[in-house]
Amino acid sequence: MADSLDALIARVNAFVTERDWAQFHSPKNLAMAMIVEAGEVVEHFQWMTEDESRNLDTETREQVGQELSDTLVYLLRIAEVCGIDLIEAANKKIDLNAQKYPVDKCKGSNAKYSAYE
Amino acid sequence: MADSLDALIARVNAFVTERDWAQFHSPKNLAMAMIVEAGEVVEHFQWMTEDESRNLDTETREQVGQELSDTLVYLLRIAEVCGIDLIEAANKKIDLNAQKYPVDKCKGSNAKYSAYE
Amino acid sequence: MADSLDALIARVNAFVTERDWAQFHSPKNLAMAMIVEAGEVVEHFQWMTEDESRNLDTETREQVGQELSDTLVYLLRIAEVCGIDLIEAANKKIDLNAQKYPVDKCKGSNAKYSAYE
Amino acid sequence: MADSLDALIARVNAFVTERDWAQFHSPKNLAMAMIVEAGEVVEHFQWMTEDESRNLDTETREQVGQELSDTLVYLLRIAEVCGIDLIEAANKKIDLNAQKYPVDKCKGSNAKYSAYE
């Protein structure tokens, strides 16, 4: 059981190596696999109202957790194969987002950031 | 700067709260936002060969890192709003995958697991 | 101006041939391009309520029409390259769907068809 | 059997009306359903090489045709619900694309159009 992100990444990479699957894991293929899994997340919510999506029953939450996990695994693999430090990249991206969406201009609004420029 | 996944999750949640955006963050909406970002990852690779995707120039790798980060942020938000512990869920899913794809049967093969059942 | 689907398909194919782009149009690449465009459709709706999505302003409807068009063009190209007659395939699929979703069992319900089996 | 696009659209709309499903067919929901089906198209190709995707066996081509059909049906429904004439919209979009990608500048190149501006 991997109790942190680093441990999870190591476990995922070992899973791939044991099966000799790195040969199939080009970023191109992995991006396809990631969006397929993201589609399986979306499928759970497509006919729900927003309220229903906020109140999942236990079984559906379990299933959503599985599809999110598959999406995450491919996301981690893309980062690995491309040599991207995901925690560092995400922090840099949030820095950029904080500039694009200043609190005083976009509080409580869902307008796209271009509306603030 | 958040130096771990827990710190990143806390930072993302604070970002949303400061902007009063939780009202828009139903799992339904977040799943849409996540797949839109996953599509922006795919866009980088759609006309590349697999080999090209394995050898990104610095600028493209930077951009892919940004799109992966956006995808991750929405993925973390879905888990947060649904009350899913992502590290735990991912470990459980890998346990399941290890049963579906036994090493001795699928080593070096890209066949879908149903072929092994 | 192509005034029917056949004319549109012929126009799209000519567009590709003139630019010598068929070499990039493997079904794999085209499927990626199609889902990227589908993501641009989704992006328009991700923060809207369902009611808002039913009442688009003129500019947004125009933009949605452009993204739907791009999605359709890649869909037509996949069918072309794979040798699939799309009108025939769609009619056969609707025949199957009519069996999966009998009117008397699923009228007014959004339950997935597996619930009827 | 609908032998043209107009007949197919009429058939799809009748299918929805008979089941009283229009209530679920907001553009927001339909966009989600469309990208889910597009994901099922992508899934067929994710581990194939480009060459393999150009040489599908009969069974896989049949399955791809089914997923393309589902994608098309939701695409047609979005256009219907939004009041978009898809053939007209697609022709206008190809006019725009012809300006963005002039033959003399992009023949044989897969560079994104922004490279030509």
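A, B, C and D are the chain letters, set down in written order, and residue numbers restart from 1 in every chain.
Note that in this section a residue touches a chain if its C-beta (ideal position, glycine included) is under 8 Å from a C-beta of that chain, and two chains touch if they have at least 3 such contacts.
Note that the coordinates shown come from a computational prediction; the quantities given were computed from them, not determined experimentally.
Across A-D and A-C, it is A-D that has more C-beta pairs touching.
Note: Cα superposition of chain A onto chain B, rotation of 180 degrees, nearest 5.
Taking the mean of the C-alpha atoms as each chain's centre, chain A and chain B sit 2 Å apart.
Each chain gets a centre from the mean of its Cα atoms; for chain A and chain C, those two points are 25 Å apart.
Multi-chain contact residues of chain C (touching two or more other chains): 24, 28-29, 31-32, 35, 38-39, 42, 45, 47, 49-50, 110. Contact residues of chain D toward chain A in the complex are 24, 29, 32-33, 35-36, 38-40, 42-43, 45-47. Chain D makes touch with chain C in their complex at residues 1-5, 8, 11-12, 15, 18-21, 23-24, 26-29, 31-32, 34-35, 38-39, 41-42, 44-45, 48-51, 53-54, 56, 61, 64-66, 68-73, 75, 78-79, 81-84, 86-87, 89-94, 96-98, 101, 103, 106-108, 110. Chain A meets chain C in the complex at residues 28, 31-32, 35, 47, 49-50, 110.
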